[in-house]
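Okay, here's the structure, questions in a sec.
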């Protein structure tokens, strides 16, 4: 059994609270075990200058952690005056992943700003951010539909993310917490769609390597987790999800 | 009656949730109406270099807003690469105010890091930060007492803050929300102790001025509000407050 | 008697040399005891983008100290690559205060840039900056009047600033020099108009608190000092002051 | 046939010129088609502070492009005053990959600085950097062996990288040039060891997704390319490779 | 004899490889002994905003060194987040020098971006940069002539640069390498035209001074070197030089 | 006659006010016509880390202009967050020049910080800074002698700087003011010692060139001006100069 009593293929307790904030067009508080992230989606009626006049939308993301989200206090990036390489990697990843499931032509010349702010961190903050950000983005799109600015939610498929890894005493495990993450030889973040297609695969053997067989087992485990995460997203979205599902079937 | 139905001398609904986060030594979520701030207090066993060897502690604060705490998304200060003048003013204010009620000799060579992160903003974020930060700091001190690193909570008095202002149709009002703040001719932030002493008075007539009589009315209104805020802090601290109260009486 | 032989309610020797620099529209060298500040007022025929089209003017200020204005050399903010929190607070304060006494509609879409550069520091540099900047600004307005760009000096009232504080052995004192400032328990900067209205009150008990009675005594002492400062400003402005006075009376 | 006449599973012409620079401990100029990267390995006799006293070495990498390595001139990151997210991702990737095949204990408390400077870019600059950096690093280790600072080259396996992708009219292709990269639906960078183990897999469907079957085909194609790249590395290293091979067999 | 066997008035081996890079309009690799610099000239069809509408062109330069161009690794300026004073001096010098021999009216509203990247450094990198940049710029102009964007190469004269210095045991020497540069009492960089006019003279006695007689000897030695450098430039430019020469004679 | 009525070989009115500031070890206000610079010399009892343990001193300089020293307001470098290339060139020049005439061994492990702040600019600010900084530095050394920290003023020779240039209608002129500087074809800054040796020669033909004969005439004119400047420095230093002169003769 794992350090927190889970089976190898068991996700942590997931909870998604929709419309967590008053001001943003869409927002959630997503909890994945002790990891808590506020995801907000803001709509801007312009696109960046390099995209103007193409009739397409854009999605961009920012990610940050509160200084005491972590066990030791981390220095604010605003105080240091620059954003770390890790932060940049994560925010590029979130934006890229969401763009893969949005019909940017149907969105039209609008920018979706995604803000993922980690309130409490216990491993898997980037995958929780993506899973939560998808829901926040759909809520924002729903508001645009209600305001008559969109005819439908321009989303082609669900999108969720989780981590898988290899730990000596356990083998392949799903959804690693911080302690497991520190112990893992191989760490892989997988982003998949509701239909089971890959959007992004990032596997790293930090000071280690992994075989083709291990690669296959990791991918299979991830697929299992993503399937469950999408079900939780649908539950959180309720009626909105039902409409999306019908639309997706019809395509 | 005011825009949200309050009397001129009425605070908004205040709620302080203690130990809101898992990692920090002390933390709260303070809600003042729709304004929500996470306050975390972290203890560092060193003091800044300019204070080493003096046998005294130090308290320093940082303040930030999530991009969508506000009605319009604000650009992250980490992305801009620098902290705004407004942010600097506020974090200097929070640190200075807390230092006024802490017995820094009794604390010894430790630094208290206060982090105030505004999750949602509706006016009065700096005063909510101070009121919440005081409670978070006391919770952190209590943990040091429990771990045997302090013999008692080294606090000389309670500390809370509120705003008062003058609005044309209402006169002097207490605890302004964002809409009121935008309409006010005079805006004053007052920080006071539980015993009713001033720690900081910052009154500003943005493109306006105010008379000595108005000054007096503003100070009186503030005192009334602070008195109520301290009662709410005591309630949130429960047993810890009782011990503090006894100790303060004994002095 | 105080460290430099003054009475508690006595200002230091003040001298304002008008038109100190060749290039700016208005400039002064103000000396308050050993504190010396060059204040320059520049007129720009545009307003910041957030104000365009409103038909109103804007006033903004910058403040700096020469590295050896102070007893120990301080590092240049240009070398550090960022402006300190203290500097930002002061420049925001100067701009805000001047805007309170200027008729921005009458000024029209122009920006007044105030530059306060401390040549020598001995306490009270921010209040000296404000007192001097008011005169420099009026001189710049006078030049606009002479050039036919304004019909009159668009100033509603005089504006001056001083500090008051509480020192153990003296009680409430006026216009603290650096040594007194370091020793004071309470330090308050007051900005008032010629007619005796408050524009800004900033009182701080650094690691100390102050009572309502002390507050009242501080305000009264400040008013006494401001009264004298405005007289010195009028003398420095000479004929220009006479015209301003008539205009103010007429309103 | 592909745009430059290659088969789907064909690498571009690869050339590795060893000891390209006079000063560094190890250096190469690697050419992968028209992509040209100077890779330099520098040895520092200290490790970063977070690793001191552990008896282990560290490897860190920096990556940059000359402004006219690209078709349109790109602004220097030194002029912009900050390193882009893309650059940070790449330099973190290079360092992490090399650390996976080095015996850091055997290296001892030394830091290897890898500098990859792209002189000319035509797609695949990050994978060319890794393939070249491995050779430069081995050359630097060889110099340490010659100077008696190491008893042997502390490398556990060869390391090379390439890209694979899916292009509509071609299907899965190996080693994409810039024009192919722009046209690809799926882009995957694979870093593998000489023994055929994965070190890093980064697959991205930019505004697209990919199936498990496509994933498998991509991985197989990459393995084929890596095998050839390692042979080219061995040829470039000559005698040094022979010694390394013997040592690896013996383990 | 000098440290590398040269006579006092002897240049190092110079080689200029034209069209070294694929993308820029003009480029060279210039080698001056062991000093190697890639010079690229890019044409932008706009001028900086301060020059718009004047009908004249502009030339600007950037200069950098690879981290291991030097014997000890130097930190990247992009990592430090700012460009050093030395770099700024050199890039201002290169731009200014080239502007002195270009007919900016004939160029028209275009900007020439010069990038000098030092691949390997052994003294004299700024003078090698200027000598190489002149050739790269002419090549770029030639391309504009071929594309019909210019009727002729808008250059008024050749331009080359070298260093001269005074070394105790040798006296006045030409084209100092790094070891000589470190030993020299006086170091002078001279930029001259093909017709023997000065464009820039920068002589410095670092912790030393020099007499008028030494000044004269230095200038004479420099002229001798520049004469040879211009011949090497002409050889590298081949036919293009012949056309330029005819045009210059005709003027 | 020149624009301000001077002869070609005539300096502007020069005035050096010694001990202009209260805090620095040495300071002057130097006026060269309408150019006014405050030069302060501060002594630090340490040297930069790269010089520790060598038993030698160091001299470093910083230079800045007040925003309204110039006809148009210039943006503060602290606001821009970086120092311009021009500023860096000037501060490197000032430090280098002063080091040429100081006996750094006799100074011992101390750093002299020179701060040159231009209060008002009318051309020649860098040369006025050097001429003034030399006097401020000598005053600071004199204070060290008085305090017993030095046995004598460790200066080997006087140091002054001026500009010379070529203007179409006048030919070679001395000490150019701003209007002349803008009109000059050739601009040369010369730093010389009291004994007439060159320390630095920086001649530039901005979009122009100059012949050997012009070079000779410029150098001669500069020598004439420097001679007069040194006499003014000696007068300003009074008795201190007399002691220095005797010591210099004795060597």
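Here the chain labels run A, B, C, D, E and F in written order, and each chain numbers its own residues starting at 1.
Just so we're on the same page, contacts are C-beta pairs under 8 Å (C-beta built on N, C-alpha and C of every residue); 3 or more make two chains touch, one makes a residue touch a chain.
All values reported here derive from a predicted model rather than from experimental measurement.
Counting hops only between chains that touch, subunit A reaches subunit D in a minimum of 1.
In this assembly, the chain whose C-alpha centre lies farthest from subunit D is C.
The chain with its Cα centroid farthest from the Cα centroid of subunit B is E. Mean C-alpha positions place subunit D and subunit F at a centre distance of 52 Å. If you average the Cα atoms of subunit A and of subunit F, the two centres end up 61 Å apart.
Inter-chain centre distance (subunit C to subunit F, centres taken as mean C-alpha positions): 34 Å. Within subunit A, the positions touching two or more other chains are listed as 81-82. With the ring opened at subunit B and read toward subunit C, the chains come in the order B, C, F, E, D, A. Only residues 82-86, 88-89, 91-92, 96, 99-101, 104, 157, 188, 193, 196-212, 215, 219 of subunit D touch subunit A when the two sit together in their complex.
Of all the residues in subunit B, the ones that touch subunit A in their complex are 21-24, 27, 34, 38, 40, 42, 44, 62, 64, 66-71, 73, 76-83, 87, 113, 115, 117, 119-120, 122.
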